[in-house]
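Shared between the two complexes below is chain A, which pairs with chain B and chain C, respectively.
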Partner chain A sequence: MPPPTDPQAIPAQEAELSVVGKRQPRLDGPQKVTGRSVFTDDVVLPGMLAGKILRSQHAHARIVRLDTSRAEALPGVKAVITAAHAMGMAASSTESAGEASRRRTGRAIKLKTGESVFADQVVTYIGEEIAAVAALDEATAEKALELIEVEYEPLPATMDSRRAVKPGAPQVNPEFPGNVWSEDIDNYGKPDEAFESADFVVEGKFEAGVTHNLYAEFHVAVVDFSRPDKLKVWTPTQTSYLMQHSLAPAFGLSLNQVQIIHLNTGGAFSGRGAVRPHHYVAALLSRETRRPVKVFSAGDEEFLIGRALGKNRYKTRIAANKDGTLKAFDMSCEMDGGAVGNEVGYFGWMAGLCNAWVFDLEGNRFRRKVILTHQRPNFLGHGGMMVSSNCAVAQLVAKVAKSLDMDPMDLLLKNAVEPGHTGLSGEVFASCGLKECIETVRRESGWDDKYGKLPPFHGIGVAIGAMASGAKGAFKHDTSAAMVRVGEDGLVTVYTGIPDMGQGTHTTMAMIAAEVLGIDANDVQLIAGDTDLTPVDVGAFAQRGTITTGNATRNAAIDARNQLAKHAAEKLATEQHNLVFRNGRVIRADDPDQSLSFKEVAYATLHGMEGRCVMGRGFFNSPLPYGTMAWSFDAQVAEVKVDPETGQIQVLKVTVAHDLGRTINPLAVEGQIDGQVFSAMSQVIYEELVTDDGLFLNPSRLEYKMPRTYEMPEISHHMIETHDPYGPFGAKEVGEGPVVVTGAAIIAAVSDALGGTLIPEMPMTPIRVLKAIRGSELYENGGQKP
Partner chain B sequence: MLLPDHQYLTVDSLSDCLKALRENGERAQVVAGGTDVIFNMRLKLFEPDVALSIRRVAELQQVEELPDGGLRIGAGCRLVDLVEHPLVNERYPAFADAVRAVASAHIRNIATLGGNICLKTRCWYTNNSEQWRQGVKECFKTDGELCHVIKSSSLCHAINNADTPLPLITLGAVLTLQNADQRREVPIAEFYRKDGMDHTVLAPDELVTHVTLPPVADRTVFLKIAARQGMDFSQAAIAARAAGTGADAPQVSLVLGSISMAPIQLDQPARTVEAQGLSDEAIEQAVAQVRAELGELTSLYARASYKSHLAKVLVRRALKALREM
Partner chain C sequence: MAKHMISLTINGDTYDLVVSDTQTLLDVIRGDIGLKGTKRGCTTGACGVCTINDSKGRAILSCMTHVLEWDCESITTIEGLESNGELDAIQRAFIEYGAVQCGSCTPGVIMSAKALLNAHPQPTEEQINEAMSGVLCRCTGHVKVKEAIRNAHRIREASSHAATD
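Up next is the complex of A and B:
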C-alpha cells in the first residue's frame, strides 16, 4: 500500500511541533476538581418533573393485573404510563451496524432488538420496566410507585446460558426458539489447514463473570418534549449522533427536531453508546405531561439496567509448530445475552481479533453464540469483551512457550507482526511498533532477571495486543466534522460533536487546533456535544476520537489557517506556503525576523476591506475500503504476588509500552494508561456481581468490590512513536489498546506465580485462587515451582 | 434514595440528649458521625421520627488519662482523633490499628468510636434500597419471619462488621451506658448479643457515653482481611493479646470479628497456647481448634468455607505476631 498523500499537508508547519507532545493539563481540569463542572443531574428546567420507573421484581412472570389508579390519584402525580403508552415503539439502538455487517460478512445479522420500552404482559428479567411516574418531586414519585399494584404469576426462568439451550428450558422470547439469539462464525485465512499441519495444539477453557460498568456518573436523562415538534435530551452519552438517529424515528420526528445535548459525561466504557429504556421513558413522560422530566437512576437501579458484560465462556485452541511458530487460533464463545438480545454477538468480533492481529498467523476462527436467559440484558464493558478473550489466549501462548522450553518473550518476538504486514482479512498495518513494544517491556520490567527465577507465589507475565482506530466497517460512514472559528481577538473556538467522558479528548482537539494555528491550547475553547450546534460526529467509541475527530479538527483548523494566511501573506509580502504559525506568531519561513502576531492577523482579517470572518470547516472519513486505517500495538508485563494463605493477589508493577503513533498529550496518555491498568486489574481480580436467582445481591459501590488507590500497582509508561501516516500528526489510539492487554498480563503473571497452572476464570477472587493453588503442581510439589 | 421524613434535633449536652431519648424512645435515632446511620436511613432500613444529633456534645469528645494509667474515651470522639492521639497509640497500639483500619480517611474524619461500637449488623438481603428489597420476602429485619441467609433459622444472621470492638474486648474495656436516670458499666465483652436483629444490650433510651480502658502491658495485635485495603468492611478480623514474653504466654485472649452476628471469643485455642506456649506446633494445634468454636457460619458477603479458612489464617498470623513482639 502506497503511503497516503495528504492534500492538506503543511510540511513547514509540521516539521517542528510546538503544542503536540507537550504536557497539557486538561482545559476543564480546574472546573472538574473544584466541583464546578455541569453534569446532567445539575440541569434544572422551569416546571421540571421527577420521573421514576417501576421495575419487575421477577425474572420471569406474567403480569396478571396492573392497576395504576391509586398512583394517578395521588396529589402531585402528573402522569403514570405503562406499555399502553408506548405501543408500536421499538427501542432499537444501532441498526446501521447491521448494514455494515452485511457488507462485511455477506450475511444478514439481526440487530434490531425489538425491545419494547415497557414490559407488556410478561416480564423477562428483574429490573425490567413496567410503568413510570412523573410527579412534582422525587418523594411524590417514589410514593406513587408504591401505589401501583402489580400482580404477578411467576413463570419458570432460565438463568444460565448452558441450561437455556437444553430441551425443555423455559423460553425467553418466542421469536427465538431454543433461546439462541445469534450465531456467528468469522473465518480468517485457513484455520483448518493450519490446525491439520501443525506440530501440536494447546487448548483451554476460560470463563468471565458478570460485571457492571461502575460509572462515576449515574444514568440520568433530562428530557423536554413539551413542544410536539422538538425533543430535547440532556444525558451522559458516548454518541449524541446515534441517539439522535434512534430517537427521531421512534417518535416520528425528523433529525433536526431531536436535539441531544451532552454536558460532561462521567464514564462510558462501551455502555453509553445507545438509547436505553430510561431515555424513552423520560421522553414519553415529558410528552404526556408537556413538561420537562428528569429520570435519575439510583445506584442499585443502574446495576439492574445492565448492558454491561454478561457471562462469557471461551474455548480456545492454538496450533503451533515445534520451532515456536504460532499457526492458528480457534476460539469459540458462549455469551449470555440476557433477556434482551442485542448487538453483542456482532460487536464481539473484535474479541477474536485483538489478540490475533499481533501474530503472523495462517488462520483464525472465532465462533460466537449469544444465548437468551432471564438475566439482565448484557452488552459490553470497558475493553469490549477483549479483556477476557485476551486472558484466554495469553495463557495458552505462555503454555506453548513453556512446552517448548522457550522464553515467552522470544516466542512473541518470533511471531510478532511488523510494519507493512497484511492481515488475514486484508488489513494493512501502515505503522507498527509491536516488536519495539515487546523489547521495551522486556528491558524495563527486568524480565530477563525475573522470568523463571522468582520464588513460589511470585510471578511475572507478558501479554500483547492490537487495537483498531476508527469505526468504519461497523457503520456506513465514520465521519467526524469540526468547525474552527477564529475570533477577532485571536481566541479560537472549536465546534465538535465528540463527547468527553473523561478521556480528555476535548483537550486533545484544542491542542490539535492550537498546533495548526500556532497558538497556546489554553486560547482554545470547545463547544461540544449539542446536535443543534455542533457538526456531525459519530461519537466517542471504536477508538475513533483522536484519529477521526482529530483529523477533522486538524482539517478545520487548516481551513481557518488558510483564511488567515491569505491576509498575512499579503502583509508579509510572501506566498502562503512560506508561512509558519508558531508561538502566537505568523512567521516567514525564509526570513523568521519578519512576522506578525496571530492576534493582529486575526484582528486585521475581520477589520479589513473584505471584513472576513474566519470560520474553518473540515471533516474526515477513512479513505480506505477496509475502514480501519491505523492499529495501535501494545505489550505489557505484570508482576504479582499471591498470598497462598488468603488467596489475595497483589499486583506489584505493570510495565506498559504502547505504540500510539505519536503522543499528542503525554499527561493525558499517562492518565489513559493508568485508568486502563486500574480497570483491567479490577475486572480480572475484583469485579463480580453476585446473584441469587437473577437478583443481584451486591448492587452498590460498597459491595461491588472495585479496587481503590491502595491496590494500584506501580505503573511504568513507555510511549512508542511510529508516526502513523493516517493519524493527525501521526497519532493512533490509546483509549482501549492498553486495557485489553493488562488483564491478560496479570492473569499470565498469576499463572506463573502458581507454577504455570492455567487460570480458568475471571475475576480471580481469593477463593478461586485458593482452589487453583490446590489444583496446581505447585501444591503437589510442596510449594516449590515445578 | 431520599431520606425518610424526620425531625432533626441537635442537643448541646449529654443531659439534654438523655432527656430527648427518654421522651422519644424507639422513635429516636442517635446520629453522631452519621456515616452508617444516614446511609441506612436512605435505604429506609430505619425511619426514625427524630434524628438526634450529638455532634455538639463536647463532654462525649474527651480522651481522659486515668490515674491507673488507663484511658477514658468519650464515645463521641471521632476516629481520626483517636488515630492521631499519642496516648492511644502508645498504650493501645492494637486498638489504634483497628481504628485506622475502619473505612477511609474521609469517613474516619467524621465517624465516631461510639458509632463503630454500635454499628448495625449488615446483610446483603437488607442493606439495599427499599425498591430492591420489595423483590425479596420480608425477613426479620423488615418485619418478616425469615432469614434469607439461613432459611431454617429462627434468628437474623446479619453480620457484625465493627472492627474497633475486637481489640477493646481483648483489652477488657468497659462501656458506660446511661439513660436519663442512671448509668451502668458493662464490659464490652458482654455488650453484644448473638442476634443480627437486636445485636446489643443497649436499651432504646440508653446511650453509650464512654469507653474505659484499663492499663495493659501485654502484647497485643489487630489484623484485618478485606477484599480491598481501604474503604471496606472486614471479611474477617482478629484482635489478640498475650501476657509473658517470647513463646511464653500464660494468658491469651483471641477475638474474631466480621464472620458472625457478634464478635467471637475463642476459648480452646487460647487455652492451648497458654498451656503449651507459642511454638509452631502449639499454634497449629490451636488453629485446628478454631472451627469448632465458630458455630454456624453463613455465606453472607463471603463464602462460609472462606470465612472459616480466614479465621484459621488470622489465628495463626496473630499468634505468630504475638510471639515476635
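Up next is the complex of A and C:
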C-alpha cells in the first residue's frame, strides 16, 4: 500500500516543527502533585451508599443454601442482592453470533466477558461474586456480609490446565466437555515446507506464571442509576466506549444512556480494557436503592478480582539454516483461561503475529488452546502475553546463534525486517528502523567488548520486537474522533474520548493541536473522560492512542485552522495556503514580516459578520479493512549478574533503542520506556501469584514482589526516528513496544551469565535460578564457563 | 463503639473531631475532613500511597495509624505543601523531571520524598533508595522520581535566589 496522499497536508506548516519534539511537562502535572486530581475513590455524591461483595471461598462448590435475611435486617443496610436480581441481563450487542453461542454457559447471566455477575447455584473459582450489600457506610456493609449465610457442598476442582484436559477431570463448564474452551491454529506463510527444507530445528519449552497488573489505583466504581433512563459510571478504565457497549444492553439501555466518566485512571497496564463484575454489581445496587453506590476493593480483594495473566505453557520450534537464516516458527501455547476463558484466546492470536513481525520468515504457526480450570478468570498482563512469548522466542534464537557459534547480534541483523517488508499475514511496514535499533544498542551497550568476554555469572543478552499501532482487527472498527474549539481569547480546547492512564496521551493530543495551530501546548486544555461530552473513541489500548486519536486530533486542529485561515488570509491579503501558524502568530510564508497574532485572528473570526464558531472536527479510522498501518520496532540489550549462592538476579543496565517514528514528547517517551523496562523486569524476575487450590498465597503488595528503587538498573534510551507516513507528524507507538522486549533481553542475559543454560520459566525466582545453576554445565565445571 | 473527642491540626488548620477507636488518620483525612489528595490504597501498609508527614516532617502511613493516638498533634498532607500559592520545590521537580504519570501514587510518593528531603536536603543515592522503597509505583519505574528528588535542592536554591534578587 503506497503512503497516503493527505488532502489535509500543509507542507509549509509542517516543514519546521515548533511544539512536537519539545520536552513538555504533563499538562495535568500541577493538579497531580498537589492532590487536586480527582480519582474515582475521591468522588462523593449526595446520598451515596457503600457497596460490598460476598465472594466464594471455594474453587468449586454447589451453593446449597443462601440466606440473606439477617443481613437485610441489619440497621443501615439498604439492599442485599443475589443472582435473582441479575436475571435477564443481555449479552453485549456488539458480539457476533458465534461469540454469543460460545458464551452459553448454562448460568444465569451471561455478559460480554462470559462471566456471570453472581454465581447461580454453583461457584467455579475463589472470589466469585455470590451476593452484594449496599449500606450507609463500609463498616455496616462489611458487617452485613458476615450475616449472609452460605452453605456450600464442595465439589472436586481442577486447578491445573495440564490435568484439566485428562479424562475424568472435574468439569468447569458442562458446555465445554474436556475443559477445552477453544483450540485454534493460525498459519502464516508455509511453515511445513520451511521446516522440511531447513538444515536444523531447535526446540524448547517455556512457562509463565499467574500475575496481577498492580496498578496504583485499585478497582473501584461509583455508579448512579437512580434514574431508570441514565446509568452514570465513574471508574478507571482504558475504554469508556467498550464499557458503554457492555453496560447498555445488559440494562436495556441505549448506548448514550450510559455515561462513563473516567476522570484520572491510576494505571492500567493492559488490565482495564473491559467491564468487570463489580461494575454491574454497583449498578444493580444503585438501581435497587435508587441511590449512588461506591464499590471499592481493598487489600487482598484487589487480587481476587484482578483479571491478569494465567499460566501459559509454550512449546516452541524454530527452523534455521546453517548460515544463520531463520526460516520458520512453530509455537503452541496452552493457556489457562481460568473459570471463564473467554478473553485469553485472542491474546494468543496477537502473540503469534507479534512473534514473527521482526523476522523475515518463510512460515509461522501458532497453536493456541484455551483450557478451563477452577482458577480466577484470566485476562492479560502488561504487554499482553507477548512478554512471555517473546521470552520463549528469544531463548531459542539465542540457542540457534550458540549452536552456530554466531554472535546473536549478527544473527538478528541477518534476519531483521526492513522498510517496505511485507509480513506473512500481509502487513506492510511503511517505516521500519529495526536494523538501526539493533546497531544502536550494539554500540551503546558496548556489546562487542562484552559479549563472550564477561566472567562467570555475569551476562549480556539482546532481544528485538515490534508492536502494531492500532486496533483494527481486534474490533469492528478503530475509530477515534476529536474536536478542537478555539476560544475568543485564543485558548484552545481539545475534546477527546481517549483515557489517560498515565501514559501522557492528553498532553500528546494538546501538543499535536498546538503544533497545527502554532500555539504553545500550555494554551491547550483538554475535555476528556466523559462520554456525554466527548466524541467517540474506542479507547487507550492496542497502541492506538498516538496514531489513531493523534490523527483525529491533528485532523480536527487542521479543520479549526482552516476556519481561522479564511479570515487571516483576507486580512493579510494572501491565499490560505500561504499562511504558517507558528509561535502564536499567523504569518505569510512568502513575507514573514506580515503577520497577525493568533489571538487577534481567533477574536476577529469569532466576532465576524459570519458569526463563525471555530470548532474543528477530526476523525480517523484505518482505511484498511483489517490490520494496522504502522509498526514500532525495538531492540534492547540487558546486562545482568547472577548470585550463584542466593540465585538472585541483579539487572545492571538496559539499553533501549525504539523506532517510534517521531518523538512527540521526549520527556514522556523516556518515562514510558522507564516504566516498561521496570514492568518487564518485574514480570520476568519478580511477579508471581502463588496459588494453592485456587487460593492466592501472596495477595498483598508486600508479598507480591515488584522491583524496589534500589533494584532498578541504569536505563539508556535511544529514540530512532523513521517518520512513518501514516502517523501524525510521523509518530508511532511507544506504549507497549518496549515492554515486550526487555524481558526477553534479560532472559537472554541470564542465560549468557549461566553459560548458555536456559531457565525455562518466568519469573526467574531465586529457587528457579538455583535449580538451573545446579543442573548446568557451569556448576559441573566449578564456575568456569564452558 | 466508644467515641472520643480529639483535636488535630492538618496543614495548619485545627479541627475538633469526634472519632471512634477504629478510625485511622486516613479515614479522618479523607472522610471527616474531606481532603482527598491523600489516596486510599491497600489499607494494609503495603503500598505507601497514603503517606503523610508528621509534625517533625517524617513519613507516616496514614492507613496504619489510629487517629486516637494523634490528639493534639499536627500533620501535613499533600495539600499542605504549597505555601503562599507557590508549589514546594519537590512538587515542581516532579513536574519538570516527568516524575508524574498516572498520579495515583504521586501524593504518597511526594510525601515520602518530602520526608527524606526534610532530613537530608541533598540525599545520597542510598538514602533515596531507602526512603522511597516503601512506595510502589508501576508507571515510572522510580527512575524519574529519583531524578526529581536528586534535583529538588537545585530548584529550591534557584527559587530562593530569585526571591532575594
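Throughout what follows, the second predicted complex is superposed on the first by the 761 of 786 C-alpha atoms of A that agree within 3 Å, B and C clash if a C-alpha of one lies under 4 Å from a C-alpha of the other, contacts with A are read in each partner's own complex, and residues count from 1 in each chain.
Convention: a residue touches a chain if its C-beta (ideal position, glycine included) is under 8 Å from a C-beta of that chain, and two chains touch if they have at least 3 such contacts.
What you see is a predicted model, and the numbers here were worked out from it, not measured in a lab.
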- Message: Output check: A:Glu14 vs chain B and chain C. Expected answer is one of first, second, both, neither. What do you get?
- Response: neither
- Which superposed partner A:Glu207 touches (first chain B, second chain C, both, neither): neither
- Query: After superposition on the shared chain, which partner residues are touched by A:Val33: those of chain B (first), chain C (second), both, or neither?
  - Reply: second
- Task: Figure out whether A:Asp42 sits in contact with chain B (first) or chain C (second), or with both, or with neither.
- Result: second
- A:Ser700 contacts which: chain B (first), chain C (second), both, neither? both
- Could you figure out whether chain B or chain C reaches more residues of chain A? C
- Message: Under the stated touch criterion, which partner chain does A:Glu721 make contact with: chain B (first), chain C (second), both, or neither?
- Response: neither
- Query: Thinking of the overlay built on chain A, is A:Glu301 touched by chain B (first), by chain C (second), by both, or by neither?
  - Reply: first
- Message: Quick check for you: in the superposed arrangement, does A:Arg708 touch first (chain B), second (chain C), both or neither?
- Response: both
- Which partner does A:Glu444 contact after superposing on A: first (chain B), second (chain C), both, neither? neither
- Note on the structure: chain A positions within both the chain B interface and the chain C interface are 139, 298-299, 700, 702, 706-710
- chain B to chain A touching residues, read off their complex: 1-2, 124-125, 127-129, 131-132, 134-136, 225, 227-233, 301-303, 305-306, 309-310, 313, 316-317
- Query: Touching chain A in the complex: which residues of chain C?
  - Reply: 22, 30, 34-47, 49, 77-79, 81-82, 87, 91, 94-96, 98, 100-107, 110, 126, 128-130, 132-133, 136-146
- Sort out for me which residues of chain A touch chain C in the complex. 23, 25-26, 28-39, 41-42, 44, 139, 213-218, 264-267, 269, 296, 298-299, 302, 382, 501-504, 667-668, 670-671, 674-679, 682, 700-702, 706-710, 712, 715
- Item | chain A to chain B touching residues, read off their complex | 55, 57-58, 126, 138-139, 142, 145, 298-301, 645-646, 648, 686, 690, 695, 697-700, 702-703, 705-711, 766-767, 770
